[in-house]
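Once you scroll down, you'll see the structures, which are given as C-alpha cells.
Presented sequentially are two complexes of chain A, the first with chain B as partner and the second with chain C.
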Partner chain A sequence: MDLAQARKIVEEALSGIEARVEEGRGFIEFIVSKENLVEAASRLKKAGFDHVKSLTVVDYKAEGKFKIVYYVSSYLNEDLAGVIVGIGTEVPRDNPKMPTLVYVWRSAEFQEREVFEFFGIDFEDHPDLRLLLLTPQVAEKRPLRKDFIVKEEPIIRTTPPTG
Partner chain B sequence: MSVWVYGEQKSELGLEGTITRKIEEDLYEVFIGPQHPGSGHMRIIIRIDGDIIVEADPDMGYVHRTMEKLAEGREWIKNVPLFERMAIQDACNVTVSYIIALERILDIEPPPRAKYLRTLLCEINRIAAHLYGFGIFGVFIGHSTMYMWSFADREVMVELAERLTGARLTHSYPIPGGARKDIPQDFPQAARKAVRYFRRRLEEYRKIFLDNPVTRKRLEGVGIIPKKIAAELGVVGPVARASGIKYDARLAEPYDAYDEVEFEVPVFEEGDALARAWVKFEEIKQSLRIIEQAVDWLERHPREAPIHDRFWAKSPPLWKKVFEAEGRVKLLPLMANMKLPPGRAMARSETARGEIIYYVESDGKSTPYRVRIVSPSARNAIVFKYIAPGYKVMDLPTIYGSIDYFPPEADR
Partner chain C sequence: MEGNGGNGGRVYVGNLDKSAKKAKQLVMGKLRIGKAVDWATAFSLWPVHLTTSCCGCEFAATWSPRFDAEQHGALPWVGARQTNMILIEGTVTKKMACAVRVTWEQMPSPKFAIAMGACAIDGGIFYNSYNIVRPWEIIPVDVYIPGCPPRPEAVARAIIELQRKIRKQRVVSKWIEEGWRPDKEYVKPKEDPCSWWRG
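Showing the complex of A and B:
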C-alpha cells in the first residue's frame, strides 16, 4: 500500500470531520481541531491503525503554536503496516492544553509523559502524567521549546594562554 | 493523578488470565536499580505482596542527554556521531534511518553498491547487538557461560566491522547519498569464515542456553505478552515478533538492499521470554544469510565510489586518488555545512532491538529545525508497567533481559 491509498482510507474514516492534509516524505498527516481529535483518533483506530509509533511535537515559535502529531500505523493489518499516518492538532503556545489519547492508544502513554515534561503540554485526563526522563529542575525549563537555547562550549581555544 | 490499582489495569487490557492471586494490603515497595548490578542505568520501582509484583513503575532517564535538543544546534552530518551514542554496538542500524530521512529531503538515492555496503554493516551490527543482548540476558538469570561465550564471539563481528569501517564501534559509516568505505580486498574471505564459525557456534548456543532445562525453567511462561496486548502496547522488534506480530521495518518499508536480498522474519506465537530469546537466535541465522548474499554481490560487481554522483562529481581530485588507493571515501568538505532544502521526512529502520523512527524537519538552514527520535527500547519500556505485575520478583530480571532493554537508547 502506498500513501495515496492510505490517504483514501483515512479520508473515508474521517468523513464529516474537517481535516487539513499535509504530505511529507514517507508519511502523511491529518490536522484536525482539538475538539475533534479524540473522535478522529478513535475512527482511525477502528480503521485498523492500532499503535502509535511516534508522538511528535514541533514548536513553531514565530506562529505561536505547537503542532502535536500522533504518527500511527498497524501491526495486525499487514497492508497498513507499510504506511505511517499522522493525526494531530495545533495548540497555542501560551496555553498548551489538549485531551489525551491514552484511552484510544495505550502505546501513547509514555510518549505523552515525555511531551509533557519537554514542552509543558498538559494532557487532560491522562491517567499518570508524571515526569519520565527529566528531573523537576530541568523539566521546569521546558528544554525542547525553542526559547530554551543550548550554549555550546568552545572546544578549541581561540586566545593564547596567559601567564 | 491517579495510581493504578492492581487488577484494574489488567482487566482494562483483557489480561485477567495472568493474575495469580488477589492482593489485599501490606505491600512492600522495592527499588530495583539504578545501582543494582542487573538493571543497568534505570530503576524499576516495584510494589510486592509476598513474592508477587503488584505494581511496577519503570523510572528511566538516568543516562538522558536530550539528543533531540542537541541535534538542533549541530550541522546535519555532525548528528550522525551523536545519534550513534544511543547504541554503540548497533551504530549503523541506529543512524541509517536518519540518513535515509536526509536523503528523502535531498531527493537522492544512494548507488546500489552503497546500499549493499550499508546492509552488510547493518547485519554485522545486528549480530553483535544480539550477542550483547544474549550475554546480558545470560548473566541476569545466572548463566555466566552464555555471558562469556557471547561476549567473546561478539568480538568476531566487531572485528569484521573494524575491517569494513576502521572503527570497532561507532563507525559513522552511512552518509547522505552513500557510505564511507568500500570493502577491503580480503574482506569476503574473512566474512565467510566468520559466517561458517557462527553457524557451528549457534548450535552450541542452542544446546547450552536455549535448550538447557535450567534456562527453560526460568524462561518458559514468563512475561507472556498476547498478540492483541502487544499491538495495544505498541511493542517493537523481537518482543513483538515473539508475540506473533509479523512486523519488521525491513519488510514493511524496505530500505537499502533489503528488497533485493533473501531473508525470513522469524515469528513465534508463545509471547514469553523463551520465545523472545528464540526470535533473536533465529534472527542471527537470517543475518548470516544476508551477510553472505551481500558479500557475494559486492564481490561480483565492479568497485566504484559508493556515493551519489551529485556529491562525487563535485569532489576534488585528491578525494578520487584516496579512493583509488585505499577504497575510502574521504568525507566531502561540502557535507560539513551542507544546507538541506526546506521539507519534512520520516524514516524507519529495524535495529537489533526493534524499529527506530526519525522525524526530520528542515527550514533550509545547515542545522535541523527539529529531529524527533523514537527508539525501540523507549517503546518497549511500557512492558514493565503492564506485563511485570503478576509475576514473581525473581522473574523481573528475566523479563528485563528478554526484552533486551537498553537504557542509553531508551533515554536518548
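Showing the complex of A and C:
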C-alpha cells in the first residue's frame, strides 16, 4: 500500500472532522483541532492504526504555537503496516494544554511524558505525568523550547558570507 | 574477673584504634609487605560494570577475546563492593552522576578511576549541554583516555598506565599507611548530584 491509498483510508475514517492535510515526500499529516483530536484518534484506531511510532513537537515561536504530531502505524493489519501517517494538533504557546491520547494508544504514554518535560506541554488526564529523563532543575527550563538558548562556541569566519 | 563468663573468664580492655595502628605499623614497617600490596593491587584492578555512555561498546570490546584485557588482571565485575576501579565511559548526564557517585562511595579503598573518551575529559561534543557534568567534578580521576571513542588498545594502555602508577609511586601501600590517599585530593562534589532523587 502506498501513501495515496493510505490517505484515502484516513480521509474516509476522518469524514466529518475538519482536518488540514500536510503532505510531502514520503509523509502525510492530518492536523485537526484540539477538541477533535481524541475523536479523530479513536477513529484512526478503528481503521487499523494500532500504535504510535513517534511523537514530535515543533515550536513555532513567531506564530506562538506548538505543533504536536503523533505518527501512527499498524502491526496487525498487514496492508497498513507499510505506511506511517501523522495525526496532530496545534496548541497555543502561552497555555500549552491538550488532551492525552494514552487511552487511545497506550504506546504514547512515555513519549507524552518526554514531551511534557522538554516542552512543558500539559497533557490533561495523563495517568502518570512525571519527569522521565531530566532532573527537576533542568526540566523547569524546558530545554527544547526555542527560547532556551544554548551558548555556542564562537565560529570565526574566514570568508565573507554569501547570499 | 567475677561474673563475666564464670570461672576463668577474662575481658580485655584496650583502645582498638591504637592496636590497629600498631598492627599496621608492624605489617607495613617491620615486615615490609607494602611492595607486595602494590604489586597485588596492580594486577587485580577490577572495574565495576557501570556503563554511562556509548564508550561502553569499546569497553566491552576491550574485554573481548581479540583484545583480552583480562590478561592484565582486570575483570569487570557487577557488584560495586567487590571492585576497586571505576571506568567512566563517556558522557555523564546529571542523573547518571548520582549513580557514579553512589557507586564510588560504595567501593572499598584503595580505589581508582579512569575517564574514557572526549566527553569525560571536558564534555566533548556535548561541551555546552545543559544536562551533563564533568566526571572530575564527581570523583578523582587517575588516568584520562582521549578519543571519540578510544580504541580498545587505548583502554588496555590506560590500565597498564594505572598499574605502572600504582607500582612506581607506591600509591596503595602509602594509602594504607596514611589511612587516606596522600597524592590525590579528595573530591567532594560542589552540589549534591543526587539532589533530584532525595527531593
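Going forward, the second predicted complex is superposed on the first by the 152 of 163 C-alpha atoms of A that agree within 3 Å, B and C clash if a C-alpha of one lies under 4 Å from a C-alpha of the other, contacts with A are read in each partner's own complex, and residues count from 1 in each chain.
Quick note on the criterion: a contact is a pair of C-beta atoms (placed from the backbone, for glycine too) under 8 Å apart; a residue touches a chain by one contact, two chains touch by 3 or more.
Keep in mind it's a predicted model, so treat the numbers as computed, not measured.
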Which superposed partner A:Lys141 touches (first chain B, second chain C, both, neither): second
Kindly classify A:Phe27 by the partners it touches after superposition: chain B alone (first), chain C alone (second), both, or neither? first
After the superposition on A, what does A:Leu133 contact: first (chain B), second (chain C), both or neither? both
Kindly classify A:Val58 by the partners it touches after superposition: chain B alone (first), chain C alone (second), both, or neither? first
Quick check for you: in the superposed arrangement, does A:Val150 touch first (chain B), second (chain C), both or neither? both
Report the partner of chain A that touches more of its residues: chain B or chain C. B
So in the superposed three-chain picture, is A:Trp105 touching just chain B, just chain C, both, or none of them (first/second/both/neither)? first
May I ask you to decide whether A:Ile9 touches chain B, chain C, both, or neither, giving the answer as first, second, both or neither? neither
Residues on chain A touched by both chain B and chain C 133-135, 143, 148, 150, 152
Considering only the defined contacts, which chain A positions touch chain B in the complex? 24-27, 50-54, 56-59, 71, 73, 75-76, 78, 81-82, 84, 105-107, 109-111, 118, 127-135, 143-144, 148, 150, 152
Name, in rising order, each residue of chain A that touches chain C in their complex. 133-138, 141, 143, 148, 150-153
Of chain C, residues touching chain A in the complex: 94-95, 127-131, 195-196
Which positions of chain B touch chain A when the two form their complex? 1-4, 13, 60-61, 64, 66, 68-70, 72-73, 101, 104-105, 227-228, 230-234, 240, 245-247, 252-253, 343-348, 355, 357, 359, 361, 369-370, 372, 374, 378-379, 381-382, 386, 411
